[in-house]
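Note that the chains are named A, B, C and D in the order they appear, and that numbering of residues resets to 1 at the start of each chain.
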Amino acid sequence: MQRIEIYRLPTASPEDVSGLTALLDAGLINPSEIICVLGKTEGNGCVNDFSRGFATHAYATLLATRLSVTRAEVEGRVQFIMSGGTEGVLTPHVTVFVKREVNGQARPGKGLVAGIASTRHFVPEELGTMTQVREVESAVRAAMSDGGIGKPEDVHFVQIKAPLLTAEAIADASARGQRVVTHNTYASMGYSRAASALGVASALGEVEPGALGDEVIGRRWDLFSRVASTSAGVELSHCEILVLGNTERSASDLMIGHDVMEDAIDAAAVRRALASVGCEEARGLERIAGVYAKAEASPSGRIRGRRHTMIDDSDINHTRQARAVVAAVIGSIIGDPMVYVSGGAEHQGPSGGGPVAVIAHRA
Amino acid sequence: MQRIEIYRLPTASPEDVSGLTALLDAGLINPSEIICVLGKTEGNGCVNDFSRGFATHAYATLLATRLSVTRAEVEGRVQFIMSGGTEGVLTPHVTVFVKREVNGQARPGKGLVAGIASTRHFVPEELGTMTQVREVESAVRAAMSDGGIGKPEDVHFVQIKAPLLTAEAIADASARGQRVVTHNTYASMGYSRAASALGVASALGEVEPGALGDEVIGRRWDLFSRVASTSAGVELSHCEILVLGNTERSASDLMIGHDVMEDAIDAAAVRRALASVGCEEARGLERIAGVYAKAEASPSGRIRGRRHTMIDDSDINHTRQARAVVAAVIGSIIGDPMVYVSGGAEHQGPSGGGPVAVIAHRA
Amino acid sequence: MQRIEIYRLPTASPEDVSGLTALLDAGLINPSEIICVLGKTEGNGCVNDFSRGFATHAYATLLATRLSVTRAEVEGRVQFIMSGGTEGVLTPHVTVFVKREVNGQARPGKGLVAGIASTRHFVPEELGTMTQVREVESAVRAAMSDGGIGKPEDVHFVQIKAPLLTAEAIADASARGQRVVTHNTYASMGYSRAASALGVASALGEVEPGALGDEVIGRRWDLFSRVASTSAGVELSHCEILVLGNTERSASDLMIGHDVMEDAIDAAAVRRALASVGCEEARGLERIAGVYAKAEASPSGRIRGRRHTMIDDSDINHTRQARAVVAAVIGSIIGDPMVYVSGGAEHQGPSGGGPVAVIAHRA
Amino acid sequence: MQRIEIYRLPTASPEDVSGLTALLDAGLINPSEIICVLGKTEGNGCVNDFSRGFATHAYATLLATRLSVTRAEVEGRVQFIMSGGTEGVLTPHVTVFVKREVNGQARPGKGLVAGIASTRHFVPEELGTMTQVREVESAVRAAMSDGGIGKPEDVHFVQIKAPLLTAEAIADASARGQRVVTHNTYASMGYSRAASALGVASALGEVEPGALGDEVIGRRWDLFSRVASTSAGVELSHCEILVLGNTERSASDLMIGHDVMEDAIDAAAVRRALASVGCEEARGLERIAGVYAKAEASPSGRIRGRRHTMIDDSDINHTRQARAVVAAVIGSIIGDPMVYVSGGAEHQGPSGGGPVAVIAHRA
């Protein structure tokens, strides 16, 4: 029976692996049981953010040494999902997910389970299309299976790292006579997140079969997943997926819950997500093991009826601003800026909002 | 007896004066009774933010026409305090302060009063020095007098717009053999805010006489005002000051209260400020007429013990990020992003925190 | 017979009209003879650049006063074409174009002539489409006629200011069930420049009739104008056009020539453009009255076979970098950074390059 | 007798070591003979540029594997000098310096020689002070000795990588009661470059003994080196130094020359530097093996008498813009954007200018 443990480790810089090194040295973690390293790194979170790749490089190098395998082999079995951008109060850190097979009985009630999977590599012209949606959909199902999750309603968070388009990738596609979904590299991140999120929604039955098609990707905001959290990066060309849920067959000391923010300042949704795992602002916050949320600048250009300027701001990309907002809201409620907030919530929660999940120690 | 009225007007762009134009056309405001236009404009809020000057230009032009005087004359009698930067959920808007002399009795209890004053113009080498501190100190006293406020404890908010150093200003000082406080133009904004804030602290007796000197400006964070809110801009070379307080001699339908945020996610302080004027999150929010706060990236590089990256971020200046954070916290509490948050809180509240004031309709 | 005079005036800030004020005060310019103010202003040159609108506001206000008409009337008869972005060595300045009707004979040989025209206002969904192409095409013909230019080969520079899409404009179109060409506001500038340039190309017969269609706009880089220079801004919703050329029927002391840069460091093309009006690097540079060029980051991601990173840079938009490059190249050749370089050369010269024009005093 | 070889290798991303890997695999380079990897990486070149550290990490990892030593050991014997920022046409690449001991006679005439050295580690309060100046001075002498260069006039380029101040470093110093030279992290880069450059000037006798002191660092621009090129980064806390020169005792096929640009568009100086090694624009460019230059935004705010806006630009740091300018000028002359241009030339060449060096194959 699986037991999921998570370790949140502050980092002093992208390549800082001292926290995990200490845990490995102390024998508290078996390197072969690590399934995912989910990080917030301190780059711009946009196209040319190398803090993500640097962190992946450093963690993979560490684990390669400890497991006496190549870095490529490590990257083949562990999901390194690095989300860039620690604007505002966000603090750089990683969460290490460990999955142990333990004997004995499950704890009564539902507890945290986790599964991982990856898609095949994509060519540039597939990004932001139904091809990506379908590949992600399959991989989400594979990850659910890997996590022992049978029912969609038991899934509370699906974290995906997806590729993006660079100038070189666009030129490559053009040279082959292929057409990419956009020539704007920053905008390509939104398309990749969008297609990934619809893949989740499709796998979990959150959208009608038949409702999807290339033309709805990044357009039809009424189609969305309530648990998808997708992020794009230059450091990979496939999608890496982590599915988190609760089942009766869990030996974990942890559980997960979620809710959906209607907009970037929806504090009530954050409180509901906390309450779903038994945490309240007044008491129980010490049981929080992690908060994970998506943020976006409302595409309507308005929030609570007021005009915002994030989308028209050509100096700071809107995903950077949205992260600062949602992290501030969550941080002000739980009293801790060590939260995971990723920017760009296309088809992840309603337009302008996004999912928020909480992992907590079971009471 | 004075009666202060405030009008919050959303703007579609820096030069949008349609809201005030409509009020003037409808006869709801007498242009000669306007004492201050306090705005959040949508530039970068840093050195080369021309949205501030553009707004001032447009509002002064409008009032010049309505008052049949020159723009210069308008700028001599009305404070145009434009604070740039509407990162995150902040919405561009202006607050027009109107001061009417009314006959009859004061309303029972204390009500809102306001006074304005300006310093003389500064030369570049005076910025961020005790010269600026002393000039601001005198002007704050003049503004208190103008507002009919005798006691420092009746002052709840002092808004100041101050100058900054440009490359041209630095070169000018150098050519005259003078030394400026910093050669970094963005950093000069901090020094100008710092000196202005210490001027307020000195005028209100918040620091010991004798505690001040050039060497403490921008260094000794234990010296601060609990009500100062200072902002720097390229569009002026003197300081403009607006003092807000409550006195028994007020015919206003409004009152003001304040508190001090210990850090950028100090939601409790926001709630205390709201409570000080009888507003609670659960009820009474509709009585809010305006919230005014300062924001800063903690100079220690830490918030609640967690490392933040705002100060090391060379792509987005830290004041821009801090505004997004504090506005998100306040907006999530009051359910409205139309708040005034200004970045850079040197000597304004404790290090990493800042004052927050609320104007509300009296019950 | 027309005589075109141009006055290049450095500006200390976007609203600095002191140079033109002095010329008007001295009687050197008749305000009613001004046809265009072409400026480089010091904003970001992207969507939220208010330095352009601020400059327009200030110059229009000045001329309204001098002509005793409203600002709207001034804007109806004078083209205010403000191009934002003075990265690198570029210096903020305006060029005032004055068109005088003079009696007597033309100077022998061809001399500078100029014409202006505007399109109707566009709705958001028309931006970047054939509708914009066709409207610009008609207006270019009108401007040629206004300038007395009959032959396309006599046209050496067509400067256009065009609109862009904001979040509000996109939301407006969506609300009406209309689809805009892109949801990325920065990318919309490229589409608007592209359609405007193809309008020029079509008017001048630089592309085959029938070669154009919505699908080639921003895609088929082999279709381009060799004289178009188009710029987009938030401050207008129509296109303003200035056509410059040489004809025999000119009383001007000036002439214009042009060439086409194949890429951003094509110094040879700059020298050819200079030579076309009789200026060489070694001598004759003092006869230069103005240099006007377009700049862009090669969409291929390569320049002279080397990878550049402008398109993948999410911190600095590529148009900002391209301006710095081309202005440096031209400035290093003519020894003066007071040049007009505008960013984003879609369908303006070959992919990665752009037109460069020189106005010089006739020998 | 030493023979210096250099290999310029384009990189597809900061961690791209494929070029060097291929050379090692082919046996063209002996890993134990590499003394320096000098790179242009594609980050922002400012405080939070992790592309530099990522490149160092990747190259050190590669060499550690090939030399069967630890990464730390590699970093102890090879200088990894990564300069961030490839704005404009600059292309990411590294130059690998190989130093071979060869038998036999020197080639007639002077040829390229190289030496390296490092300073001790610095504590934050030492940055930008005479302590840094003196340590660098000693290390430059050590590097000259290592390179077999006895006479200062034989030194043509001194490349230094120096540390900077982060928020954490400043807080650390403050906690120990120490005062740092500036609280602005970006500005600290300038102080570190300045002190390093004066260390070079002192070592080479370019400034009077006794002319230096804390108060001249970053202030007295008339004190400067004509061959120093200093760069700051977050990835180290000491200085790494590479000295390049020509001597009679060289078996190299290469030689080096230099000149000094008076300002950022001083094309004549570039041509003189090229001519000093026998290359002309018209012919001989194919013999160029590398061009190395410093760039800065003139602190006066003026270039050729025209106002520039780089220093007042709060959106793009001035070092980023200056790099784009100088690289464009050089690239337009030699027809190749693969040049090394580093930003911030404090005490490196005259104010607003900087050294430019050329390495070329001997005729």
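The criterion applied here is as follows: a residue touches a chain if its C-beta (ideal position, glycine included) is under 8 Å from a C-beta of that chain, and two chains touch if they have at least 3 such contacts.
Note that the structure is a prediction, hence the values are computed from the model and not measured.
A.B. asks: Count the C-beta pairs in contact for C-D and for B-C, then report the pair with the higher count.
C.D. replies: Higher C-beta contact count between the two pairs: C-D.
A.B. asks: Measuring centre to centre, with centres taken as mean CA positions, what chain is farthest from chain C?
C.D. replies: A
A.B. asks: Nearest whole angstrom, what separates the Cα centre of chain B from the Cα centre of chain C?
C.D. replies: 40
A.B. asks: Distance between chain A and chain C based on Cα centroids, please, to the nearest Å.
C.D. replies: 45
A.B. asks: Check each residue of chain B and list the ones that touch at least two other chains.
C.D. replies: Each of 12, 42, 44, 48, 168, 234, 307, 309, 312-313, 315 in chain B touches at least two other chains.
A.B. asks: Touching chain C in the complex: which residues of chain A?
C.D. replies: On the chain A side, the touching residues are 44, 46-49, 166-168, 170-171, 182-187, 218, 234, 299-302, 307, 309, 311-315, 317.
A.B. asks: Considering the complex alone, what residue numbers of chain C touch chain D?
C.D. replies: 10, 12, 42, 44, 86-92, 264-267, 303-304, 306-310, 312-313, 315-316, 320-322, 324-329, 331-333, 335-338
A.B. asks: Name, in rising order, each residue of chain B that touches chain C in their complex.
C.D. replies: It is residues 12-15, 42-43, 48, 50-51, 53-54, 57-58, 61, 168, 234, 315 of chain B that touch chain C.
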